[in-house]
Amino acid sequence: MIFDPVFIRLKALFLDLCARFFPEWVVMLASIVISAVVILVMGPVIMMYLTLLERKLLGRIQNRYGPNRVGIWGLLQPVADGIKMFIKEDIVPAHADKIIHLLAPVVTVVPSLMVFLVVPFGNGMTAVNLNIGILYFVAISSITTIPIFMGSWASRNKFSVLGGMRAAAQMISYEAPMTLAIVPVIMASQTLATATIVESQGGGFGMNWFIFTPWGLLGFIIYFFCAIAECNRPPFDLPEAESELIAGFHTEYSGMKFALFYMAEYMNAFTLSAIAVTLFLGGWQGPFLPSWIWFFGKTFLLVCVMIWFRGTFLRFRVDHLMGFAWKFLLPLSLINILIAGLWFLTPAIAAWALTAGLVVASFFVFVKLNKTFVPEKRTYVLAD
Amino acid sequence: MVTADRIFLIPLLPFAAFVVNILFGARFLKHRAAWLSILTSIAACVIALPVCFEVFGGARFANDFAWLRINDGVLRFGYLVDPLSASLLFMVVIVGTLIQIYASGYMQGDPRYSRFFAYVSLFMSAMLTLVISNNFILFFMAWEIMGLCSYLLIGFYFQKESAAKACFKAFLTTRLGDVGFLIGVLMLFLALGTFDFSEINRALALGDHGALPLSFLATSAIFIFCGTIGKSAQFPLHVWLPDAMEGPTPVSALIHAATMVAAGVFLVARSFTIFMAVPETMPVVTTIGCITAFMAAFIALTQTDIKRILAYSTISQLGYMVTALGMQGLGAGTFHLITHAFFKALLFLGAGSVIHGTHVQDIRQMGGLFKKMPHTAVTFIIASLALAGVPPLSGFWSKDEILLTAFASGHTLVFWILLLTAFMTAFYMFRLVFITFFGKARDPHVHAHESPAVMTLPLWGLVLGAVLLGIPGSPLMHHWFQQFLAHAIHHPEYHPSAFVMTCSVIAAVGGITLAGIIYMKNTHWAESIAKRFRPLYRLSFNKFYLDEIYSKFIIRPFTALGEVLYRFDAKVIDGSVNGVGAGAMWLGAVKNWIDKYIVDGLVNFMGTLTCFLNSIVKRLQTGFVQNYLLIAFLGFLAFIIWELKLV
Amino acid sequence: MTLIPVEHVLIFSLLLFAIGLYGTLTRRNIIGILISIELMLNAANINLVVFAKTTSLSPETGQVFAVFVIAIAAVTVAVGLAIVLALYRSRKTIFADEVHLLKW
Amino acid sequence: MSGAGCGKEYGKFVKKSVPFFGWGVLCGLWVTLKNFITSYFRKPDEGGIFTVQYPEECLPDFEASRNFPFLVYDETPEKPRCVACGICERECPVKCIHVLMAKDENGKPLRRPAAFDIDYSLCMNCGNCEEVCPFNSIFMDHEHKIAAYDRKDLMRPMQKLLKSNSYFHSIRPRDAEAIDRAIKEAAEKKKAAVPAKPAPSPEAPKS
Amino acid sequence: MEILTLAAKIGAYALMTGVLLFALGVVALRNLFHSALCLAAALIGIAGLYLFFRADFLAAVQILLYVGAVMTVIIFAIMLTEHLSGKTTIQHNRQSLPAFLGIAALVTVIAKVILQTPWPVTQKALGAHTSVEGIGTALMTVYVFPFEVISVVLIAALIGAVIIAKRENPS
């Protein structure tokens, strides 16, 4: 494949060029800067086109066209939106904590961008191949609650505070099953480094992807639900539930600050999908096409699924949301670790039968256990 | 290694019943709690009795395991079933089981039914452990658990203030003796370097007194005897036992008549070799026992509460046993211990049956119960005859054995005192019998009825023991029992003496006759004598002492003496036990309120002083956490600076 | 670690600890106290890591213990904040010097 | 349109049976997925996209829809049907119609308007003027793209308001024919009874 | 490479200074929310220092547990008790001066000790990344008992916290 390492070649070429004229440390710096710049540019661009993609897909699902006026197929729509955001008035509430109100959206974007560091975009295309890659990802993405808190608290608005609290509760709750759903993958690949995880899924015509094992499938489902909840997308968008909280934690934000929140959210959606692809869907593994095309293709497919979910499902109720995380996903993910352990301990055929049976059985057991809530039949006096 | 051994099960089964009853009894078992306790007791019986008979046949069981390792010393726990413990074991399992069966009827309907049986099971477990234990530490642990059970069971009706006070008193009083016991055991360990009975016996048999002088061993023996004084209610620590009658009657029968109080005597028997090694201690034991026996019998003459009479009788009989042991009469003492357990338990259960049937405890309100409660009355009278020492019942043989020991070993004074005591015993027992069961019903409000079969059957069971158990120790079987014990611990034996037997029979029959003369004819003498001597008996302002001979010749001095002794008991000794300077009070005559004032004043002064000091120091406690932390930190800082020698 | 002398890191953690201690001693708000305690724990953690790195111990040892400390810190915060909430609910205050009933 | 169909479809899935937990969720996903795919090839009335790309394409207006009023002339703009009676001016709730009757040199009214202005920025499309006009001369137009940068531009003078009868026919054919017929009948009746005063037909069908 | 080393050194010292400044913010700021945010910043800075010490795993754990979980919970509590952390209330108690003096003494003493001690520096461990496997192995072999104990403590604390914070009898 010629096109596979094309970006790597380009960078190496540039660095070679640098090395002829500058001392070594400049080359290193340049290497760092190039990766950083690529990520810094890629993040917002991806975000912009995700908004467009989302609007188009949602439109189609609702029998509409979606934006198609600005540019061909509406391709310039995000640019137009961005310009609109820039020129909008920046409103700060009178009693707001001004510094934190300003800091919150800025801080929001940082972890979202930092996560790109460990995403393996293609064969050899990981910005930094940290040996604690997945842990790094989990750690960094757990920071995102704090800027949300900052924004909601600094706004001095009860809707904001309520939204912030909901966001925090939700993110903490869903982080636990998400992390636990990752554990079997780490067990299988014996490493935390993202690139190595992808490599361990190679070969076998894609049948070595972790999603094609019982525990992988269950883990993927758990992870994916948690990912949707982590980036506050429907049906888990309680922190910004319009009908209850106006706009949740960013009620008091407008203009570019609002855009930053928005950007962080969409970049999170992208990175979470990308990590899902890395962990369960074989990352950049795939035949014929360049690895990065496979990677982006799979990632965008997952993003499309997220949008599809948004177009389909209703918003959760708060108690259902928490119950789903703590009473269903968390025990299921714990059981999943056990199942994965059994998978590695038993020979192949038996492992399939055993683990698949266990997955299905535990799924239904937890369904049964969670069905306890039966609301009492209510009679209203006025109705008589 | 612990070998799995059925004998370990004997105490563990009741303990299991205790655990189950205390945890689940109140909620799940309820009235079935009794069955659990009884079944475990019966199981313990089933295990223990064959063992006992094997020992009677000459076998001997011992087993132990390392419980605690301290440096190179090993403390081994285990059991030792030798003739002495086998005979006790035999007595405890049978009496305990029968009393529990009885209690399941007696306690029917009590709100804390299951807790009662939990306590009783715990007690059984401790008592059995004590009996078969092979060393002083295990013995002492069981001893203390029994003390706890006694406390819990005396205070079983803790809503009654008198019961609450009584359990408190019992616990504290026996505690005095227990501390002495512990000190004695530790001294013994210092002297001989072991707690194990067999090793102690072996060492002493070889004449090895350890590194320390013989007087040290003697002191330790006296201290061990303190345990007996406390637990077996010997003078001067006997005051708790009458009060302990506040507990449920089966408890009085089991703990405060048959088993626990006998444990003190058993302690002396267990450490008999120690006493034998230092014969100088023997007179102490004899004296204490003798005083106890006589004094308690004296007090019993004037009591009106049925259970208190029996309690004083118990004290008196325990005094008998201790006296016997003091005269090196191990066989006699132990023999009396076992026979006494049966007929005294029977007496208490009979008394319980009477109380159950009449709902009163005062014998002046009873009368003529013979026809209404035939089973109770017959068994009670048999037991009374046994206690009085009428041949051929068991009490006769064992008491005769003690008198024989006293007579033959040359303690003539002791012999006559004991004989007098035997006479008084017969008298007060039959006073009780005649007042309670004969004559006319005195209180029209009392409607007596016979107790249910679950209560009367154990009575008949105990009657068997009370009647037959004298035989093994009697001349009829050539003092089999004494010889049996002598296999284990050598002690002197004496040939039966016709003179002693005659004296004993005369004392018993005389007492009974005197009681019969006075109390079977009281009705028409009563009123006239009551009018004439009313001022003299103001202290006993009840209505039963109206007989002429009673008032002229016997009762008046007896009553006075009894009263004096009783007061001596109640005020002086109780006071000393309670730590209020009873000696000063006694020496300073009756004005005890002055003493109280001084002592209280001292206590109050100490309290005020403490309060005053406290009011200064309490400023430090601000209730403010960070302040504490700051102070702690500064202290730590000072420590660091000091430690690093920076200053 | 080759770059910075051990002494400097130790002084740094000492200062961090001192600041945390000052906060613990003087903050009125109980949550503030908890926060300051976290600072002290972190100072200790830094020392654990540094010592394990610079002595003959295996470098994992210090980190393992730092992980333990972090877990314990989480426990502290969870229980502490639960107490704070209960306190706030019952007494409407979370100032340490207003909760001083436990005296005399 | 397609929404009702979706509901029915969804109900069909759910009611049949619930084989396992999450079946309803999958049914919902299937419905939206099908909607998404069919949006590419189905026609609007079959469940495809029903959006009308407005500036480029419009839905045909309903015949009876009404927007802003205009004046009808028969042959030439010089001969409007309006006789400047002023009834519409009086009846207009927002007073957006201003009529000035034409007069000859000596001040005699000429039964035609000299000026007829309607302020579209005030008009609220109520259609009262059309209903009250006895001469069938004022009607509601379908024209709606009348945005302007200045409010003055919305002030329509008579020249801009006058539109031919054929235009009226083109937007509201049925009404126009009925009115033409009525006018013709009235003219014939007038011819038959020459002396009689020409009167408007009270039976003029107005919608 | 010299310049990179220098840069790293400067970076580390800057990080330390930053952490200390934020720590000062934690204890000095009157607004509790601000000091909590300062704490978060300080903790992230310390995680950076861990990275500098080549303790990647610990850095990630620091961020995951401290910043992600502990800080969130703290801020949650601050929000629930918010009106007490406003600017108007006095946020420091009366023992500031003695505390300050004592701590100054402590710092002096320990700093003296630190500077006087000849610190041994073994060369073998320096610069090497601590492997995650090594930590895992240590946790599961040598330190498995404390590890399990901590799990039990965590569970107990979790249940305890729930019970303490639970509202008494909602009816």
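Read from first to last, the chains carry the letters A, B, C, D and E; within each, the first residue is number 1.
Heads up, the rule we're going with is that a contact is a pair of C-beta atoms (placed from the backbone, for glycine too) under 8 Å apart; a residue touches a chain by one contact, two chains touch by 3 or more.
Predicted, not measured: the structure shown is a model, and the values here were computed from it.
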{"item": "Chains touching both chain B and chain C", "value": "E"}
Connected chain clusters in the absence of chain E: A, D | B, C
{"item": "Chain separated most widely from chain A, comparing mean CA positions", "value": "B"}
{"item": "Winner on C-beta contact pairs when C-E is weighed against B-E", "value": "C-E"}
{"item": "Farthest-lying chain, centroid of Cα atoms versus that of chain D", "value": "B"}
{"item": "Approximate Å spacing (C-alpha centroids) for the pair chain B, chain E", "value": "66"}
{"item": "Distance between chain centroids, defined by C-alpha means - chain D, chain E (Å)", "value": "74"}
{"item": "Distance from chain C to chain A - Cα centre to Cα centre, in angstrom", "value": "33"}
{"item": "Whole-Å gap separating chain A and chain E, where each centre is the average of the chain's CA atoms", "value": "28"}
{"item": "Residue numbers of chain A (touch at least two other chains)", "value": "none"}
{"item": "Per-residue overlap in chain D, given as positions that touch at least 2 other chains", "value": "none"}
{"item": "Overlap residues in chain E, where contacts from two or more other chains coincide", "value": "57, 61-62, 69, 73, 76, 93, 95, 99, 106, 110"}
{"item": "Those chain pairs that satisfy the touch definition", "value": "A-D, A-E, B-C, B-E, C-E"}
{"item": "Chain C contact footprint on chain B (complex, rising order)", "value": "618, 621-626, 629-630, 633"}
{"item": "Partner chain D, residues of chain A touching it in the complex", "value": "57, 60-65, 308-309, 311-313, 363-364, 367"}
{"item": "Residues on chain B engaged by chain E in the complex (per definition of touch)", "value": "626-627, 630, 633-634, 637, 640-641, 644, 646"}
{"item": "Contact footprint of chain A on chain E as seen in their complex", "value": "1, 3-4, 31, 33-34, 37, 40, 44, 56-57, 59-64, 67-69, 71-73, 75-76, 79, 129, 131-132"}
{"item": "Chain A partner contacts - residues on chain D that touch it in the complex", "value": "2, 20-21, 25, 28-29, 31-33, 35-36, 39-40, 47-51, 53"}
